[in-house]
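Some notes on the structure that comes next.
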Amino acid sequence: MHGLLNYILWLPILGSLLILLIPKEKVNAIRWFTVAVTTVTFILCCILYVNFDQAVPGIQPFTAVSMPWIKSFNIYYKLGIDGISLPMVWINGLLFLICSFSSFDIKKMHKGYFSLLLMLQGSIFGVFMSLDFFLFYVFWEVMLLPMFFLIGIWGGDNREYAAIKFFLYTFFGSVLMLLAIIALYFAAEGRLGAETFDMVKLMGGHFADLKLSLFGMDLPFDKVFFAMLFVGFAIKVPIFPFHTWLPHAHVQAPTAVSVILAGVLLKMGTYGFLRISYPIFPQAGHYFGDFIAWLGLVNIIYGALCAMAQTDVKKLIAYSSVSHMGFVMLGIAAMTTEGMNGAVLQMFNHGLSTAMMFLLIGILYERSHHRWIVTPEGKKGFGGLYAQMPKYSIIFIIGLFASLGLPGLSGFISEALVFIGVFKPYPTIALLGLIGLVLGAAYLLWMFKRMFFGEIIDSCKEYADVNKREMFYMAPLCFLVIFLGIYPLPILDVMKTSVGKLVIDLAKFAP
Amino acid sequence: MNINYLANLSLYIPEIMVIFTLVGLLFIEATYSEEEKGRKLFFGVMTVGLVLALLALVKNLGVPPASIFTNAVIIDPFSTIVKILMVAGTLFTIYLGQQSRDIYSNMKAEFALMAIGVLVGGMLLASANNMLTTYIGVETLSILSYVMATLKKNDDRSSEAGIKYVLYGGVASGMMVFGISHIFGVFGSIQFVEIYPLIKDLSSLQMAILIPSFIFFFVGLGYKIACVPFHMWAPDVYEGSPLPVTTFFAIVPKMAGMAILLRVTMIFFGPENTVMHVSWVGVLQVVAALTMIVGNVSAIAQKSVKRMLAYSSIGQAGFMLLGVVVIDDIGVSAVLFYMITYLFMTLVAFFITSFVADKYGNDHFERFSGLGFRYPLMGVVMAVVMFSLTGVPPFAGFIAKFNIFYAAINQKLYTLVLIGGLTSVISFYFYVKVIRFMFFTPAESEEKIGGFGYINQGLITALAVPVLFLGIFWSGLITKIVHSKLFFVQ
Amino acid sequence: MDYTIANIAPIVLLPFLAFVIGSFTAKKFPKFTGIMVCVAIFGSFLLSARIFADFVFNQYSADYYIHKTFTWFDLGPTFKLNLGIYIDQMSAMLLLMVSGVGFLIHLFATYYMGEDKRYARYMIYMSLFTAGMLGVALSDNLLSFFMFWEVMGFCSYSLIGFYYEREAPGDASMKAFMTTRIGDVFFLFGLLIVWNVTTQVNGQGSFTFVDLYNVIANGGFDGQMLLGIPLATFAGLCFFMGTIGKSAQFPLQIWLPDAMQGPTPTSALIHAATMVAAGVYLSLRVYPVLEAGHLLVFVSYIGAITAFGAATMALVQTDIKAVLAYSTISQLGFMVLGVGVGNYNAAFMHLITHAVFKACLFLSSGSVIHSLHDHHTGGHVQEMPRMGGLRKKMPYTAFVMVICSLAISGVPFFSGFVSKDRILGEALIMGLKNPVYSLPMVLGFVAALLTAFYMFRMIFLTFYGAPRDQELFDHCHTEKFSFNRNLPLLILSLFTLGLWYSGSLTGQGLVKFPGVENKEWFQTLIEKPDAHHLAKFKNYKSQAWGKVDVKPAIDFSKSHYDPTHGLSAEEAHHAHTLHLYGAVGSIFIAFLGIFLAYLMYIRKSLNPGWWATTFSGWYQTLKNKYYFDHFYIDVLIKKVLFKFQDFIAWVDMGIWDRIFIDGWANVNNFFSYWARKFDDVVVDTIGVDGTGAGVRFFNLVLRTLQSGKIQFYFVVIFLVMASYLLTLRVA
Amino acid sequence: MMGLASYLIISTILFICGVIAILARKNIIAILLGLELILNASALNFVAYTRFLNNSIDGHIFSLFIIVIAAAEAAVALAIVLRFYQIRETVHIDDATQLQG
Amino acid sequence: MFDLTLFFISAVLTVIGAIMVITTKDLMHACIYLLASFLGMAGLYLTLGADFVAAIQLLVYVGGVVILMVFAVMLTGGPHAQKQNKFGMIKTALMGNIRTYTIGGLTAVVVLLMMVKLYISIFKNYTAGELPNYLPTVERIGKSLITDHVLAFEISSVLLLGALIGAAIIARPRKNRIN
């Protein structure tokens, strides 16, 4: 089992290079090669899951990979996963498998597309597996490159703007992160005896009482760098007011990329909070707790309000992601067992449900070539799809209700856990957060009503129902959404020990 | 007075090699002025000479540092590495000059001659160890550069570039020498070695003379590396010059200037000289911050890729200055690493721009439309370089910036690093513009670009390989560089 | 027989599995799917019947509850979530009712929906719904209660919107879901409070009723405040908001009339018998919280207002289902009133009796509607003004409907009388004892009067008199007895007899079952979890699933019927007297209502047209449904009652519905217009692009400085240097 | 009378004159004249310092190099000016503003 | 006494020359004034005992630079340059006008202030001591040039060579055959 993470990490990247050897004309070979690579990767992820030992709170020993990379800087190629990263790794494997099927619809430059897709997968794996800060940063940034091109080349009409905005935003945040990483490295010498980029060693609130002189002010070290990391991660989450890249990126990106963006990429931000910000700066985490909780609340309500305004389905779902990620932030900010577990579970569940929604919209877009609920001319963009595409509608309902948090579907448990966790420290926020649930139901159902009910409008009469391939890749998601709604243990069990440890560690530093 | 000339000369083989190449080329040029055969011979000799110089330099890497010609120059691994970079840069630039249509075919030999001449100055500057060699280095670098800027003789822009360069260069070097004269007045010596012990205990009056004098001195160096506020010639001259010349300007004079600035800073303004250190570092910090900001911000709305790259090279110089400000060994190695990556990135960027500009007659961003689809390899390579210049991992440019930031944060220069980081975000605006046109915009025409033959593509790709390679496997190189500390004979 | 997974889980799982299997077979084998669903629910019914028997007659009748749990998930020492079953007499009753009535409705649906092209899909939705409702009945804790509750909400949504080809069901379904959702999120917040309080008291959070009762008994809520409101009040309000949403109480009642867009069996099952009643069931379950939060007065007001308001609205409906819908709201109001006045038992009893007769009424109306085809449009006819005299065409239905109407009107010997009378009696007592309650009391009685009136108005308009649309009448086939059309109706109507519930014809007093000494029935079967009772939970012992049921450690011996209600003899006498007055009054009221209806629609001595012309000003605008309620309530209530009813009408239709619910679009557009503006302009343009613009501006400045004039460059050099050197201070 | 101060003042006057020439003249050649003045000021400084502060010959050497290099620079500069004149037919410095921004 | 006289004459010549260079309206005159100034410089070098430097100053500047200047002036059409730019706008006079002199003058004042500050320090620092006798410097310079500064000497030859070639390249008339 040793080195399993190596295989998972490098297989897609290797695949992305190998694809370049396939002649450009052999489109099917390229597609199926991608499918093969993602399938093998997914199987490896499953093996990882099977071998996971729930009792171990920290990094799973069997996954640990560590070798020196840059000796003079103490940079290590260090991988490992724990209960927080495993669900993310797994869903990454799953969503890319699904996306490689969904991407059969891509119309141009197949080779580049699939190559970049695999590279994206590899780099995201890297983010979730890295235990070395430098390595983490490298993967965090590398992920931008394929994403940038995937949006920029295969995206919609306004793709350049979206791609650049996406890149700039993230890059801005990550520059601040880099600063924090290096500063931590040097601070570690005083506190830990040696300079290090090792996340695990840095954890534990060693940097609380350091001072830092910036712009001529004497500032607390940990709070400043917590804030810097916060911006870096908040942009990825995205947290209001750093969220405006998201609607653009989502709307312009091709379906599969939207799926990845919403399903996995956004989680990198919250993962960063759980893996880096909070464990390393627990005191600052407590200090900023109220602030982040309120921001989470703003995210929820604000995202929902914005979603309601949209006439573009994809934009609507994009804003719903903003809203849903707010729940994750809320859960994290609560710093209670329930809240944290809920947050991690919500990361996973939102990955499933929002991926479903984006795939469904992609399927629809294949047929309609537009995404307007109400077209800019004020006409109905869709109408009566329920009658026209019954199977599609059923899947849509599942996705829809999963994302509005219907009990029995996956979203509910995580949201409930988050609220349970949040209530204790922030009852007011919990109460106000409920508005988000109402609004969430409102915009989703309103969208559903406008698109699916009523008579079939003329332009919708041609649309075929979902075909076998689409059914094939939607089915696992439907199954998971329902299954995890009833029986969330497969995910909760693997994460709970790690999350519990995190919560206990954090609690030690409560003021 | 007993100078062991031979021992000195043995360390000075690379320079001598380059000078001989220069002289030899002059003869060849004079003999076979317009013949095809002569051209082949010319470039053959040139290549051989420079490669030999490179080999000699590589051999010099292992040699223990030594000060030769009565402390006129110093040969240490630092200067040797910079020289290697400069020679390599010259070699590739001359190749580019041969390929490029921006240098008239009857001027290609002259371009090579001038470039090698500038290279001699640069090499002298890189290992200069007294004020005189510094001054002569700067002047050699400058005067021949003026010629290079004007090399496109029938072009009004080129001659205007020459005018601007010569005036600006003259004023800057005049001020530099004015500063040097007062430094000489205070110390009574132009030898770094002799100044060094004196600088440690100065009276405050001397200090009051020296600080302005060194500022004057700094003008000369600052104009060579084009740092703000002495950068204003650079965009104009870079734009007006023929493209290979711009390439050359972005590499050799800049590196040489950076090397001497680093050396002067390290020798005179170490932390042990409190007052001098504080004022000098204060100046450098402001200059570095301004250079990063102005370079990167000005580059945004440019139409011409060449001019954008000119501003970008100013911005990059700002980052290197950030490494200079640190004034310690980590900073030196960071700057060295930066120079190495900068060489490759600049070469690739200018090579591709040059071939595109040759095809279309100008180098506006629009000319890059659809390049990524027509020449995927070139597109990818250019994109890699642009990302690398921005500082995105896993490319070498990121590692270079990382090293600089690393060194700066080690000295707690948080504000500067913050500025550096943010300006590198800003720099993405204009670097990505190239990528945007290459990949997101349909091609303007499907005509072949003549410059992208297999050999050139291969060469460009080969030049880009280190950009990628050093981004991941930089362990070995950085270890080597860390050991090649700036040497100073006391 | 012990309670194990094998014999409890299937109650929920059978319908659920029918749903799962059905969702695969629906397309290919619709008939089979329908039958399978019915069989599954019948299976649930059998299992429920066994529980019912156990808890009412057999070994568990003396025990208070069965509570078994398993761990759903466990997140470490501080967080463990248990799910399980909690069965006491109340849930046993509810199970039996839900599965029984549900089965009959499913049976009827095979008739009603038999020809629909989406028949099978309809059946599986119904099946899922039944599973949800049975789950609610079995839940031992508020969380699973909430989950099943939401599943029901989803089914309700899907079934209201079943005819998705039309716009109206879409609107209605969304309105229903959204309105209930508002209540639901408060319910969810109530859950959070409970979890928090149980954590504080027990060190381990819990949602179970038992723990909740326990905490209240231990005074866990005492002295706690949240947002300046006592915690118990807050929690109670939250839970009661759940009730308001789900049971369509004022002010969230608006969705239920619209919900009639669904097929009629849906209306019968979901929007009459079970789901809406689940709201009341919730109130009953959390009754101790309501009590601890001093919310009962509030509850009674809500109930009374709803009962009265809905009844008034029902008076003028012309759609047969709309009458029943408003009637349902009104009856739910009665139940809530029952809770509010503290008559726990009667409220639940009314829940059961109402479920039976209202289900029957809906099914009957379905039978009527299904028989009436408009041969012009091909659609079914629901408008009463086009009916009349139908009893000749469909005698069974007419018979059944009259029976049920008698029941709902509160005519003696029928179930409605038994339950409603007890609620009204209690309201009377409370009203006389405490002036605060006088308003609910009066409203309750008036509502009862109106109930009788509008029900019989409906009966008379539908079945009596001359056919008003002869063509329609002629096209109506004469009803032939069929097992899936008439049998469910007959069975249900059989259970509208008061005898089943009261155990005696009068509905009062002690009951003796043959062979069992002093076995009492409804009135003592279910005990109010008041302070005295809650004490029993203090020694609660949890039970794990297994072969053997661990009986609760304490003696839950059944309290005998206490004719004095624990009061002194004098007070008891007083109470009895009042009850008697109440009973007499309600009987009188029932007959008065029927009589008025008779006068108006059979004898026509009171001309409804007179009323219409007298109030013609608003009657004309009533054609538009939006202004109908508004106008009606406005005038009638203004004349008869108080000014604030004005407010109800205004809030109900003017604000709540038009803006808040139907006007989601408007509000959305308003809010989100500004939200979007804010997002685009402030955050994006100024915040983000603005930064970019700032950079670009700076760029412009710098490029202007880069003027190309070399002498300017020199000036820059000199000035920069000079400015540095002139400010320099050395030593 | 013939102290260091007098020489430095002369050199300063030369320098200032050079600066004024550089900034005020619009003729490129006139600007070059100013440049020569600045260089000469420095050379004078070197020799003066050699005389009054230390007897190091390096000052003289430096002056020599300044003179030599100034000559070389002037040669190149004049060549460039000629080239500019041939193309633009002007020696007005404000005509050399095509490259800007 | 001689050196004092020489100093005065030279100083006056230098300063007047320099001032005339910047004030005269005629470029040709400016060149001549520059020549005068350089001559004065040579005299100043002599008073400083720098005989060799003075000689070189005369040789290089007077003999070379100024001739080049004159050449340039003649080649570029002397004082009669065009008065308008390509847009037809009246250009600033070639030799400057009030505006340019104001700018130049103000900047020069600022620079002067800076230099004054510098010189105050220098004068405070400087203590007049025994001046060494005039000694011929040629020998020392020669020795120094082939020992200490041999490298600078040699490299400057490269510089001059390069400047020579460069000037030739640039100034070489345009060929008809391009590319």
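Labels A, B, C, D and E are assigned to the chains in the order they are written; within every chain, residues are numbered from 1.
In this section, a residue touches a chain if its C-beta (ideal position, glycine included) is under 8 Å from a C-beta of that chain, and two chains touch if they have at least 3 such contacts.
None of the values given here were measured: they were computed from a predicted structure.
Visitor: Provide the labels of all chains in contact with subunit A and in contact with subunit E.
Guide: Joint contacts, listed by label: B, C.
Visitor: Average the C-alpha coordinates of each chain, average all protein C-alpha coordinates together, and give the chain whose average is closest to the overall one.
Guide: Central chain: A.
Visitor: Count the touching C-beta pairs: is B-C or C-D ahead?
Guide: So, comparing the two chain pairs, more contacts are at B-C.
Visitor: Can you tell me which chain lies farthest from subunit C, using the average of the Cα atoms as each chain's centre?
Guide: The chain farthest from subunit C, judged by C-alpha centres, is E.
Visitor: Report the inter-centroid distance (CA atoms only) between subunit D and subunit E in whole Å.
Guide: 5
Visitor: Round to the nearest whole Å and give the separation of the Cα centres of subunit B and subunit D.
Guide: 26
Visitor: Would you mind pulling out the distance in Å between where the CA atoms of subunit A average out and where those of subunit D do?
Guide: Here subunit A and subunit D have centroids separated by 65 Å.
Visitor: In whole angstrom, what separates the CA-based centres of subunit A and subunit B?
Guide: 43
Visitor: At which residue positions does subunit D touch at least two other chains?
Guide: 15, 18-19, 22-23, 31-32, 43, 53, 58, 61, 65, 69, 72-73, 76, 79-81, 83, 93-94, 96, 98-101
Visitor: Among all residues of subunit C, which ones touch two or more of the remaining chains?
Guide: Residues 703, 706, 708, 710-711, 714-715, 718, 721, 725 of subunit C touch two or more partner chains.
Visitor: Indicate the residues of subunit A shared as contacts by at least two other chains.
Guide: Within subunit A, no residue contacts more than one other chain.
Visitor: Let me know each pair of chains that touch one another.
Guide: All chain pairs meeting the touch criterion are A-B, A-C, B-C, B-D, B-E, C-D, C-E, D-E.
Visitor: Sort out for me which residues of subunit A touch subunit C in the complex.
Guide: For subunit A paired with subunit C, touching residues are 165, 169, 240-241, 243-245, 302, 305-310, 337-338, 341, 384, 386-387, 397, 401, 406-408, 412, 416, 419-420, 423-424, 427-428, 430-431, 434-435, 437-438, 441-443, 445-446, 448-449, 452-455, 488-489, 492-493, 496-497, 499-500.
Visitor: Enumerate the contact residues on subunit B facing subunit A in the complex.
Guide: Touching subunit A: residues 373, 376, 387, 390, 392-394, 398, 402, 405-406, 409-410, 412, 414-415, 417-418, 421-422, 424-425, 428-429, 432, 435-436, 439-440, 474-475, 478-479, 482 of subunit B.
Visitor: Which residues of subunit D touch subunit E in the complex?
Guide: Residues 1-10, 12-27, 29-30, 32-34, 36-37, 40, 43-44, 47-48, 50-53, 55, 57-58, 60-61, 63-65, 67-76, 78-83, 85-86, 89-92, 94-95.
Visitor: Could you please specify the touching residues of subunit B with respect to subunit E in the complex?
Guide: So the residues of subunit B touching subunit E come out as 1, 3, 19, 22, 26, 69-70, 72-73, 101, 104-107, 110, 113-114, 117-118, 120-121, 124, 132-133, 136-137, 139-140, 143-144, 146-147, 150-151, 153-154, 162, 182, 185-186, 203, 205-206, 208-209, 212-213.
Visitor: Under the stated contact criterion, what part of subunit C meets subunit D in this complex?
Guide: So the residues of subunit C in touch with subunit D come to 703, 706-711, 714-715, 718.
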